[in-house]
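Every chain is named by a letter (A, B, C, D and E) in the order it is written, and numbering of its residues begins at 1.
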Amino acid sequence: MSGAVDIAGEAHPALRWPGLWWPGILAAITWAAAAAVTQGLPDQVDIIEWTQTGNVAIAQAALAGLFLVLGLTARLLPALHRRVVPLGPWLVVLGAALAGWQLLTAKFSVLPMPFFVPPQQLVEVYQDDWRRLAESVLASLWLLARGYALGAAVGFVVGVGLGWSKHFGYWAHPLMRLVGPLPATAWLPLAFFLFPSSASASTFLIALATGFPVAVLTWSGVASVDPDFYDVARTLGAKPRFLVLKVAIPAALPHVFVGLFMGLGASFAVLVVAEMLGVRSGLGWYLSWAQGWAAYGNMYAALLVMALMCSGLITLLFKLRDRLLSWQKGVVKW
Amino acid sequence: MSGAVDIAGEAHPALRWPGLWWPGILAAITWAAAAAVTQGLPDQVDIIEWTQTGNVAIAQAALAGLFLVLGLTARLLPALHRRVVPLGPWLVVLGAALAGWQLLTAKFSVLPMPFFVPPQQLVEVYQDDWRRLAESVLASLWLLARGYALGAAVGFVVGVGLGWSKHFGYWAHPLMRLVGPLPATAWLPLAFFLFPSSASASTFLIALATGFPVAVLTWSGVASVDPDFYDVARTLGAKPRFLVLKVAIPAALPHVFVGLFMGLGASFAVLVVAEMLGVRSGLGWYLSWAQGWAAYGNMYAALLVMALMCSGLITLLFKLRDRLLSWQKGVVKW
Amino acid sequence: VAQHDHSAHAGHSAAPPANRAAPLPERVKLKLTWNATALCTSPIAVAEREGIFSRYNLDVELINFGASTEALLEAIATGHADAGVGMALRWLKPLEQGFDVRITAGTHGGCMRLLAAKNTGITEDLASLRGKTIAVTDMAAPDKNFFSILLARHGVNPERDVTWKVFPANVFELALSRGEVQAIALGDPLAWQFRKRLDLVEISTNLSEDYANRACCVLGVRGSLIRSNRPVAAALSQALVDAQNLVAGNHELAARTFAAYAPGNVSVAEMREIMESHTHGHSPVGRQLREELQAYITDLKRINVIRANTDPSRMADRITADVFA
Amino acid sequence: MVNADLLTAPPPAETPLPGVALDLRHISHEYRLKGEPLPVLDDVSLTAVPGEFVALLGPSGCGKSTLLRLVAGLEPPTAGELLVDDAPVTGPDPSRVVVFQDPTLYPWRTVWRNAALGLEARGLLRQQKHRVDEALAVVGLDGFASAFPHQLSGGMAQRAALARALVNEPRLLILDEPLGKLDSLTRIAMQGELVRLWQAKGFTTLLVTHDVEEALLLATRVVVFSPRPARIRAEIKVDLPYPRHRDDPKLVELRRDVLGLLGVGDATQ
Amino acid sequence: MVNADLLTAPPPAETPLPGVALDLRHISHEYRLKGEPLPVLDDVSLTAVPGEFVALLGPSGCGKSTLLRLVAGLEPPTAGELLVDDAPVTGPDPSRVVVFQDPTLYPWRTVWRNAALGLEARGLLRQQKHRVDEALAVVGLDGFASAFPHQLSGGMAQRAALARALVNEPRLLILDEPLGKLDSLTRIAMQGELVRLWQAKGFTTLLVTHDVEEALLLATRVVVFSPRPARIRAEIKVDLPYPRHRDDPKLVELRRDVLGLLGVGDATQ
C-alpha cells in the first residue's frame, strides 16, 4: 500500500551521528524528566499518602539510563538495533506521558483524585495486592477457557449447520435472531435456574457471549464460499460430508477466525457479569469489588491486567490463525 | 448447497387433499389446544392472580380459526399460499409451544414462579406498562442512534487509517489493542468524568462498543484487499486518495458490514450499562429496574421488545448491505 | 483471603448469650451468600473467624455475590446457596413475587444515608428535597425504597416531588459536583466515606424516627431447608445473632476482621467508626421480626412498590419463619 | 518443463473403463440479467458415441461453458433432455470430470493436495497416492507440489487444474479451454498427452477451445456454435488418423472451412 | 459480437502522443518459495525505440508476467536498471497501461464503470465519458455495459479488461496475453483493432502471448525467452508490412523458426 512511512524514527540527517541512536537518547531524556518530576516535586497529598513515589522515580531513572546506553551503543550492535528501532518513538512518548501523568495527578491535582491516580498508586496496588490479583487472573482464565471453548465449539457447529442445512436453518435461524443479541445480564436469572452450580452458570454466560458471533460468522463463512469450489468437488465425486469438512469449513476458516476473535472480545465483556455469580475470585469479581469501594487504584490496576490478558489472548489466537491459514495473508488484523 | 430440504411442509402424498393446506390445519389444532389449555384448566394461583388468562385464550382461539381458514383456502389462492407456506411448520410448533408453556407454568407450576411466567403475565405487562415500555424504547433508540452513528463513523475512519497508513497504525495499533477489549463498565467513571453530561457519557459508551469491532473489521477489510486491485488502479494513474476511496473502501465493504453488524450487537450489550448513567427511561434502565424487583414478567417483556428491536435493526442493516453490495451475494447472513 | 485458617476454635472465650438454638448433633455443611463489600455484614466474617459457626456444628462456606443483592436471593431460591444476608428493603419486593425463601432473623440496623451537597439549599429537613434530584444506584435500590417511605411520611410525594436518577455508586461524587443531582441515597461504606470526604449534609438515615429500631439487613434461608431441617436453620440464625451480639460490644473486632475484605487504603479505624454508627445489637427474630417486616411492607405499599392488592399481614406470614418456635 | 519420460511411459496396466454415450436432446437454457431473461442455449441437440472426442467451437460468450455445466450435471437445463448412457443426468458424478475455464484451485491446499482432491473425495487417496505424483509429472509441476496456488503463474495454475482432473478415471472428460494459457511447447506436449490418455483409456471427451487447429488436431468431430444464444451451426467429422500433423493438407483445408464457418474469411488476414 | 462500424471508423482527431523508449539493463529478479530464493529473471537486457511493438514469447512460468510487472513499475527488480525515456522507473505511471493476465475487474463495479476506471482516477471522466462507450463498443461489450463481472463469460471479462486499458492514452501499452480466452473471430478482430490503434497513436507496445502466429502478425520484433529463470534466447525482427497475412510465406517461415527456438520441432506434429 501507500505510506511506507519511516517508522524507524531516524533523526534529521543533520543530527545523525555515527553510532548514536537518537530516539533512544530522546527517550532517556523524557524518562529522566519523568523521574525528576516524580521525585523532585512534592506530592499534593490530600487524602492518601503514597509510599511508592521514590521507587517509581528510581525505576524511571533506571530505564532512562538503559535507554541512554542503548542510544549510545545500539547502532554498533546491528542485531540489537534492529529490534529496538521500532520501539523508539513510543519510548520517547511514553516517558513524556509518564511525566505528564505524574504532573497532572500527584503533583498538581489537575486530574482529581480519586478518579485519576498517579503511577505510584498503581505500583502500590500491584505490590500490596498482587496475590489477590494473581488469583483472580487464574480464576478468570479458567472460567474463560471453559466458557470460550464450549461457546466456540457450539457456535461453530451451529454456524456450519446454519450455513449448510436449510432444514436446520429453518428452525435455528429465527431462534438465533431473537436470542443472540440479548445482553448477558438478561440471562442471569435463567442461567441460575437452569444450571446446577454457579460455576456452570457462569460458564454458560461466557459460552453464550462467545457462541453468538462465532455462529454468525461461521454461518457467513460457509454461506459465502465460492460456489465454484463446490462445483469442482462435486464433479470429482465429493459427498456432502466431504463438501462440509473439506470445502466449506476450510474456505470459511477466515470468517470463523473473525468470529472467534469477536467472541473473545465478547467473552471478556461479560466477564464482569459472569463473575457476579458467586465466584470467589476473578478479574470481573475484583473489578466489581474495587468499584464497590470506589477504589479506583485497584480498579485501574485490574483493568490494566485485564487489557493485557485480553490483548495477549487475541495475539495467541492470531498466531494460531497465521499458522492454520498460512495460505492466506492476514485477513483480519490485530 | 446440499439439503434442498422441503421446507414448505408439504404433507405426505397420501394426505394431500385438493385445496387443503395441511400445516395450516395442524397449526389450527395446536393453537386451539393452547386456547383450551389456557381457558380450561385452573391457574395454580399462589401469589399472583392473572387477569389476562381469558383474553389470551380468546386470542389463541381466534388465531386457530384464522389458521383453519387458511388451511382450507390457501391452496385456492396461490399468491397467498406462497407467502404462508414457509410459515407452516413454525406455526404448528408455536401453537404446541404455547400450550406447553401454559401447562408448565400457570397450570402445573413445573417451571416455578417467579422465574418463569405464563403468557398471560406478559400480556398483562404489555397492557399495564406499555406507556413506560414505549417511552423506554424511544429513549434507547435515540441513545443507540447517536452512539452507533458516532462509533461506526469513528471506527470506520480509524479502521481505514489502520489499514492504510503505517504511520497511523504505529501509534493507534497498540492503543487499540490495549483499550479496545475493555468492558464498558470499566469506562463508566472515566466517561462520566470526561464528558460534560451523562447523556454524552452514555453516548460515548455506546460509541466505544460499536467502534471497536467496526475499526477492527474495517482494518481487516482494507488490509485484505486483493493487491492486484491496487496494481490495476495504480497503473491507471490512481492517486492514494483514489486508492483509498475507490478501491480499498469498496473492496473492504463486506468486512465493514460484518463490523457494523457486530457493533450493533455490542451496542445492545452495553445498553444496560450505558443506561445506568442518569437516564430516566430506556430499555436497559427498565431491565435493571425489573431485575431489581425480580419482576421477571416485566423483564421478559422488555427483553422480548429488545430482542425484536435488535433483530429488526440488524435486518435493516442487512437490507442496506444487500442494496449497497448487490454485486456480492450475501456474505454475512442474518 | 487467608484469614480463616487458625480461627476455628478461637471464639470459645466469648461469653455465649442465652442460646435459643442448640448446637447440631452432627456437622452440617452450608453455603451462605453475602456481599463482601457491605461492611455492615462484617459479623458474618466474624462468625466465621471466631468459630461461632463451628460452635453450632455448622461448616459454613461463604460465597460473595458482587454488588446486587437480588442475585443473592435468586441464588438461594434456586438452591445455589442455603442462606444469605441481604437488605430487607431490597428483598421484600422480589419476595412478593414468590421466591421460596424465608426470613428468619434480622441482623442489624442502619447503613443507609441520604446525603446532600452543602450549597444546594437542602437542609436536614426532608421537605427541602422537594424539586430536587436524588442519585440512587438503581430504581429498585433499598435506599430508594427507604427514603421514599420517609419522604412520603413527610408529605413529599416520592414519585412526583423529587426526581430519582440512576448512577453507579462510584460516580455519585461526580454527579453531585456537576449538579446533575443535589442529593444521594446510598449505603455504607461508600455513603459514610462520601459524607466525610465531601463534607455532605446528612439529611437522614434509616436509623431515624420510628426506624431507629428496625432491622436493615436480614437473613434469608432456603424454604426447602427450613421445611426439611429446621434445626439447621435455627442454628444458623442463632450463630449470626450471636455474632451480631459479639460485634455490638466489639466494633474493633469486626473492623479488624473485615480488613481482609477491604482495599488497602481503607483503615481499620475508619471501618470501626462506620460500624459504630449502626445498631449491631438489634437482631430481631420470631414475632418481632415478623412485625418489623410487616411494617416495611405496609410502608412499601404506600409508595406503590408493593402491589396494592397484597395483604401485608399475609405476606409477612409467608416470607418469615420462626425457626426458634 | 514437461517430463518427457512420463509422456512416453507405457500406460499403467488397468482395464480401461469404456467411455459414456452422450445424448443431448433439444437443450435450451437461459440466465437472468437484471431481471430480463438472457437466452444462452437455443435448442441444442448433440450426441456422442462412447469414446468419441468432440470439440466445441464458438464465439466468446455464446454459451459453451454453460453447455458444459449442464452436461456435468451442475445445473439442470431450462428445457430439453440430457442423457448419459441413456439415463437422465440429475447431478454431478465422479465419472464425469470437468476442467473448468478458470483453474479454481483451493487456495488453502498445496498443488499436490489440490490434485489429490478427487481421490480424497472418493476415499482412494491412501492406495493411489502415486497417481497424484504421476499426474503432476505429466503436467510438469512435480517441482511445485508443495507450492500454494497464489505462487503459481497463470499457465501453471491451469496445468494444476488439468492434473487434478487426470488423476481420476473419468468416463467423460469435460475440458473448458484447458490449454488456453500455455505456451506452444507445453501446449503441444499437453495435446499429445491428452490424445495418448484418451486413446489408452477410451473415455469420451468434450473439449471447448478457441484454437481451431487444436480442435482439428485432437477431435474426431468438431461442433461449431452460432453467437449467443448458441445454436449448432455445423458439425464436421475429422476423419484423420493419429498422430495428426499441423501441416497435413487435409487438416489445413478443414481449418479453412471451420474458420469460414466462424465468419473468419481468409481474406481478413 | 464485434462492432464492425467502430473498427473501421476513422481514429479520433487527437495529436498522438509519441511512444516511450524502453531500456532494460541487466534485469534480474527472484521470488521466495518456502524460504528458498526462486530466480525468475536472469540478466535480461532489452531496448525498444518509441513506437515499437515487441512481442515476448516463452515457456509457461518462465517469468514473462514478472518482467511486465517490473516494466509497469509495480515492483523493483532485484538487480539491474530499468529506464523509460532514459529516466529510471520508480513506480507505476498512467502513461504505462497494463492489461493483466487475469482480467482483475472490480467485482463491485459494472462493466462500464470498470472501463471508466482510468479516466475516473485521473479526473477526466466527466469530459471523456464517450471514450468509455467507444472502448466497450470496440471490444463488443456495448450490450453488457451495466452487467457485473460475475455475469460475464471468461472471454467477455478479458475483453472488458482490454477496454479498460484502451480508454486511456498510453504511451506504453503492456499486454499480458490479452486475447488468450477469445475465439478466433473475436481474436482476429481484436488483433486488427490493436494494430490500428497502435498505428494511429504510435504508442510503444509490449505483448506477451503464447500464440507464435499472433506475435508475428502484430509485432515488429519478437523476443524469445528460455525456461525459468528467463534469459533472452533470441530476438527476431519481423520486417513485414501491415496488414500482414497468416499465409504469407515469409511469416510461415518465421513461424517455423520461432517454434524451433521454443523447442517445438516441426517433426513433433
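FYI, a residue touches a chain if its C-beta (ideal position, glycine included) is under 8 Å from a C-beta of that chain, and two chains touch if they have at least 3 such contacts.
By chain, UniProt protein names: A, B = ABC transporter permease subunit; D, E = ABC transporter ATP-binding protein.
All values derive from a computational prediction rather than experimental measurement.
Peer 1: Touching chain D and chain E alike: which chains?
Peer 2: none
Peer 1: Just to be sure I understand: going only through chains that touch, what's the smallest number of steps from chain C to chain D?
Peer 2: Minimum number of steps from chain C to chain D: 2.
Peer 1: State the chain with the largest centre-to-centre distance from chain A, centres being mean CA positions.
Peer 2: Between chain A and the rest, the longest centre separation is with D.
Peer 1: What whole-number Å value describes the gap between the mean CA coordinates of chain B and chain D?
Peer 2: Inter-chain centre distance comes to 49 Å.
Peer 1: For chain A versus chain B, what separation do you get between their C-alpha means, in angstrom?
Peer 2: Here the centre of chain B sits 27 Å away from the centre of chain A.
Peer 1: Which whole number of Å gives the spacing of the CA centres of chain B and chain C?
Peer 2: Chain centroid spacing, chain B to chain C, equals 39 Å.
Peer 1: For chain C, which residues are shared contacts with two or more other chains?
Peer 2: Counting only residues that touch two or more other chains, chain C contributes 68, 74, 78, 168, 170, 174.
Peer 1: Can you list every residue of chain B that touches 2 or more other chains, as numbers and ranges?
Peer 2: 115, 185, 189, 193, 288, 291, 294, 296
Peer 1: Residues of chain E that touch two or more other chains: which are they?
Peer 2: Where chain E meets two or more other chains at a single residue, that happens at 102.
Peer 1: On the basis of the stated criterion, which chains touch which? Give every pair.
Peer 2: Pairs of chains that touch one another: A-B, A-C, A-D, B-C, B-E, D-E.
Peer 1: Name, in rising order, each residue of chain B that touches chain A in their complex.
Peer 2: 1-5, 7, 86, 89-90, 115-116, 162-167, 170-171, 174, 177-186, 189-190, 193, 212-213, 216-217, 219-220, 223-224, 230, 240, 243, 248, 258, 261-262, 264-266, 268-272, 284, 287-288, 291, 294, 296, 299, 303, 306-308, 310-311, 314, 329-334
Peer 1: Give the list of chain A residues in touch with chain D in this complex.
Peer 2: 226, 228-229, 231-239, 242, 246-247, 250-251, 253, 325, 327-328
Peer 1: Can you list the chain B residues touching chain C in their complex?
Peer 2: Those residues of chain B that touch chain C are 46-48, 112-115, 185, 188-189, 192-193, 197-198, 275-280, 285, 288-289, 291-296.
Peer 1: Write out the stretch or stretches of chain D touching chain A in their complex.
Peer 2: 69, 72-74, 91-94, 96-98, 100, 102, 104, 106-109, 117-118, 120-122, 148-150, 164, 168
Peer 1: Over in the complex, which chain E residues touch chain D? Could you list them?
Peer 2: Per the stated touch rule, the residues are 1, 31, 33-34, 57-61, 65, 101-102, 146-147, 151-156, 159, 177, 180-188, 192, 210-212, 217, 227, 243-247, 259, 262-264, 266, 268-269.
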